[in-house]
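You will see chain A twice below: alongside chain B first, and alongside chain C after that.
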Partner chain A sequence: MPGKAVLSGVHFMNGDEAIAEGALAAGCRFFAAYPITPQSEIAERLAARLPRIGGVFIQMEDELAAMAAVVGAAWGGDKAMTATSGPGFSLMMENLGLAVMTETPCVVANVQRAGPSTGLPTAVGQGDMMQARWGSHGHYELIALCPYSPQEAFDLTVRAFALAERFRSPVLIMTDEVVGHMYEKVEIPAEVVEARRRTPQVPPEGFLPYKPDEDLVPPMACAGEGYRIHVTGLTHDERGYPDMSADAQDRLVRRLCEKIKRYPDEYTLWEEHSLEDADVAVISYGISARVALGAVELARKKGIKAGLLRLITTWPFPNEVVRSLAERVQGMVTVEINLGQMSREVERAVQGKVPLGGVYHAGGRIHRPEEVLAGIEEVI
Partner chain B sequence: MPVKEKKQAPPPEIAQGRHPMEKYLRTDRIPHIWCAGCGLGTTVSSFLYAMDNLGLDPDSVAVISGIGCTGRVAGYVRMDSYHTTHGRPIPFATGLKLAKPDMKAVVFSGDGDLFAIGGNHFIHAARRNLDINVICVNNLNYGMTGGQAGPTTPLGGRCTTSPYGNFEHPFNLVYLAASAGAPYVARWTSLDVRRLQRAIEEMLVRKGFAFLEIIAPCPTNYGRRNKLGEGLDELRYYAEHAVIEHGADPADTEILPGKDFLVGKFVDEEEPTYWEMYQDKVAELEGGRR
Partner chain C sequence: MPNIKTLAAREEKQARFAPGHSLCAGCAEPMVVRTILNAIEDPVVVANATGCLEVATSRYPGSSWNVPWIHSAFENVAATIAGVEAAYNALRRVGKVDRRIRFVAFAGDGGTYDIGLQSLSGALERGHDFLYVCLNNEAYMNTGVQRSSATPACASATTSPVGDAIPGKPQDRKDLTSIVAAHHVPYVAQASVANLIDLANKVERAMSYEGPKFINVHVTCPLGWRTKRDSAVPMAKLALETRYWPLYEVEEGRYKVNYKPKKDVPVEEWLKGQGRFRHLFKNPDLKSKIDDFQAAVDRNWDELLRKERWTQEDAPETP
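Here is the complex of A and B:
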């Protein structure tokens, strides 16, 4: 394994490996995880790579510990990531909430497999999309990105680290088993801009660790920097001290949500295919979007004006993008490997303006383009 | 023959109602939430005196707590201090320590936090010999949530969730830590303030995983339900029943109600730490550093 952080050049690698390389390129120097399929290649690659570039890889005793260690490492000043799949994602929800509440920048990759429970451990699923949004208790916002190729897995991981620092928030990479295990060309640029942490601009005296800047994000003082701050998962005031009042709770939780919701342009990514003249829009993400693209081509061959809206950012949901699309088309079909999760968001955004369809599968395989085509035909 | 107490004026800070170790405390958060007679105050004082005696720079020490009465320790010390999730201070400290290897990571938490919900993390951190100090204040029950039975509640102990007397076998934390590979294992009671301070000083300067169990009274919950009297009565009980035996076999350190129990330093060995082993491995690799 090479001893440089950014492997500039053209490579042949799978999506899992591309996530690992994206993390290193973005400046990640701490990775903690617990073995689980189908994320193993991320951990295995980082176990080989991190010790050679001055970083730390540690295999923890479970995913509770992996996520907690990532939050701890971020407070130690590192850019930190963990990766998991299905059951491990469930265990991470606890400390994902801690990261949200303490405003800890970090990245979590979930290589989705089919659930519930142990489900199909080695086969694809997209059933964790709502869990990504609502899995930890309490009300919060976070950003989730869905790559549909190894190249995009690399690019979005780099992006995820930048967004995590920008918003001081955990950022999720919600990929899936097929993208994770798919080998393709991945081009790593000559230079990658490392994510930057926003540090205090004032001396320790008078520094309020949870006093936000104008954009609602507070600068972050890490351990050992002389700020002697207190960090707690309890509801807290600007000093970081617990405040058990309903007012403090409302103020804090609103700010935590608002700091992300206020800036959709900074993280809302999507791609449109053949939508200019489309009557039917297929909405999909991750590996399902790749299949849907094939189905759109089949439909076009049959003379049906279909197009694809590929969601790259799934959380916060791009309401505006979907709403405005609803004004242009006559029907929409959501394609995903679950029995209808993001389709609920589509429904909310569209508010009955056009008929909606869905092509769902509970997991274990990707869709066949013909199934998606049938869904398109059904909605027109 | 009873010794006559020498009348001595309290040090000036105390006379003014201030804590002598105030420089290490978040005085703007005092008064603390702990009950009168609770053992937690003395354990925190011992820790701060240990810091002071060693002349440690507070910026070189991070205190990490979980959830519970002891979990609040992190909120009162004026250092980088982290009040994490229930049971997770050790993995949090693992990440922080590996990101900042030059800092000391001190985990201060309770018996329920560290040995029930967080038990798995404890044994693995001990096995890895991570450079972490773990101070467990063992009050035999869950104080914060109102006195439920926990993993160290003695047989027969009455708690809100063992109303007819506890019939689960408790952990002997000393034996557990030693079995998991902790190279430093000690136990004292909150009565032994000087010895506590000395033990914490030893932990702060040594490398590797160091574990200290502090038996402390919880008069509000465990003490009251088990008719142990006020906090002071429990200290009296320790004075009568705690027997110092350094180097005793950890298997012989069980705590049984009404019986003498052993305190002291049971394990003190030099073992290569996780970080040393990591560094050695890195040094073998071409291009490795850190």
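Here is the complex of A and C:
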């Protein structure tokens, strides 16, 4: 394995490997994980790569520990990441909430397989989309990105680290088994801008670890930098000390949500195909969006004016993008490998303005374009 | 004590573990599982953690399990069997069941040494009446040979690959059998696929006790160890001869070493048959790692003999 962090050039690699390379290029030097199919290629690549560039790979005893180690490493000053799949994602939920509450920048990749439980360990699913949004207890916001190719897996991992530092929040890469195991051309640019942490601009004496800047995000001091830090999952004040009042709780949770919700333009990514004159919009993400694109082409050949809205950012849900699309089309069809999760968000955004359809299945394979085409024909 | 004849007769009669599974050619696990199930006469309920055994014996559309069988998640087979056993006791108390039923949990080293340790410890401490069998093939073989805390030092695994930075796994293996023994449960043992009669005896002895029982069975994995397909028994035997994997049992706190090799066979003999240690023999800079490995084996063996002396008044002094 090469001993440099950014492997600039053209490669033939799978989505898992591209996520690993994206992390290294973004400046990630700490990766803790537990083996699970179909994520193991991320761990294996980083196990081989990180020690040679001065980074740390730790295989933990389970996913609870992996997520906890990532929180610890971020507070130790590293850019830290973990990766997993369904069952492991479930085990990470408590510590994911800890990362939200302690405003710990970190990246979590979930290479989705079909669940519930062990389900189909080696086959594709997109059933963790709502878990990504609401899986940990309490009310919170976070950002989730869905790549649909190995190239995008690389690009979005770099982006995820930047967003994690920008918002001091966990950022999820919600990919899937097919993208994870699919080999394609991946171009790594000559230079990649490393994610930067916002550090305190005041001397240690005046530093309050949870006093936000005007944009609601507090600068972050890490252990050993001379600043007093106090990290707790309890509801806390600006000093980081526990405050058990309902007021403090309301203030803190609102700020944690608002610091992300206020800036949709910074993270809301999507792509439109043939929507200019479309009567029907297909909405999809990840690997399903690739199939949907094929279905849109089939529909066009049959004279149906179909288009595709590909969600790249799924959380926070791009309400405005979907709502304004509803003004332009006569119907929408959501395509996903679950029995209807993001489609609920589409329904909320559209508020009955146009008829909605969905093409769902529970996992184990990707859709066939003909199935999606049938869904398009049903809605017009 | 069971012998080959009684085991074979029970296999005829009970056929608890059917062939046709998809464990790898040369895998040591089916022999061990069949021996364990045949060493028990009472009805058995099996819980199985995620792992090689579970995946390969319950493949669509069939199953190798001719006994009631429950697959848990990866981390909780001990908790699952604890629930089954507690429910059985509840039914027995109100007179709804009167037969003696035995509970056996199978898990690999990943599911026991790592992710399942907390669940195992809890079940041991609560004192459920069950036998826990760890099928220790020394890595996460089912997901592609990632290191576990049972993986020996210097073994190259896909998450501890040998290279400039590390000589294979930097850490030594965890002594899980001792951790279990520290729970002061009635019966704890180490066994091996290389001696199935010893294994059957241990199962029978374990089942003579009420409460938690634990057997850590060393099972060769030709795929992960990178050995020949017909090497399962000879490789495991070398692990006994080199004292890398001592056969011993702890019965109500008393240690007994079941096999003491007469000859000193260096652990190198076991290491060199395996591709996962090949770098130790190819790279002269890593030669000292073999000495370190031997030193660790010697230390563990001496410690084990001391434990035997301390706990068995009638045990002979070892030279």
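Rule of thumb we're sticking to: the second predicted complex is superposed on the first by the 380 of 380 C-alpha atoms of A that agree within 3 Å, B and C clash if a C-alpha of one lies under 4 Å from a C-alpha of the other, contacts with A are read in each partner's own complex, and residues count from 1 in each chain.
We take it that a contact is a pair of C-beta atoms (placed from the backbone, for glycine too) under 8 Å apart; a residue touches a chain by one contact, two chains touch by 3 or more.
Note that this is a predicted model, so its numbers are computed, not measured.
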Open item on the list: So in the superposed three-chain picture, is A:304 touching just chain B, just chain C, both, or none of them (first/second/both/neither)?
Closed with: neither
Open item on the list: Going by the contact rule set out at the top, does A:208 touch chain B (first), chain C (second), both, or neither?
Closed with: neither
Open item on the list: A:62 in the overlay: touching chain B, chain C, both, or neither? Say first, second, both or neither.
Closed with: both
Open item on the list: If we overlay the two complexes on their shared chain A, which of chain B and chain C does A:35 touch? Say first, second, both or neither.
Closed with: second
Task: chain B versus chain C as contact partner of A:374, first or second or both or neither - done: neither
TODO: Give one of first, second, both or neither to describe whether A:362 is in contact with chain B, with chain C, with both, or with none.
DONE: neither
TODO: Give one of first, second, both or neither to describe whether A:95 is in contact with chain B, with chain C, with both, or with none.
DONE: first
Open item on the list: With both complexes overlaid on chain A, does A:234 touch chain B (first), chain C (second), both or neither?
Closed with: first
Open item on the list: A:72 in the overlay: touching chain B, chain C, both, or neither? Say first, second, both or neither.
Closed with: first
- [ ] State which residues of chain A lie in both footprints, the one left by chain B and the one left by chain C.
- [x] 3, 51-52, 61-62
Task: Residues on chain A engaged by chain B in the complex (per definition of touch) - done: 2-4, 29-30, 32, 51-56, 58, 60-62, 64-66, 68-78, 80, 94-95, 97-98, 222-234, 239, 241-242
Task: Of chain B, residues touching chain A in the complex - done: 26, 28-29, 58-60, 62, 64, 74-75, 78-85, 87-88, 90-100, 102-103, 120-121, 124, 278, 281-282, 285-290
Task: chain A residues touching chain C - in the complex, by the definition given at the top - done: 1, 3, 34-37, 40, 43-44, 47-48, 51-52, 57, 59, 61-62, 87, 91, 117-118, 121
Task: Residues of chain C defined as touching chain A within the complex - done: 50, 55, 71, 73-75, 110, 114-115, 117, 140, 143-144, 146-147, 149, 158-161, 163-166
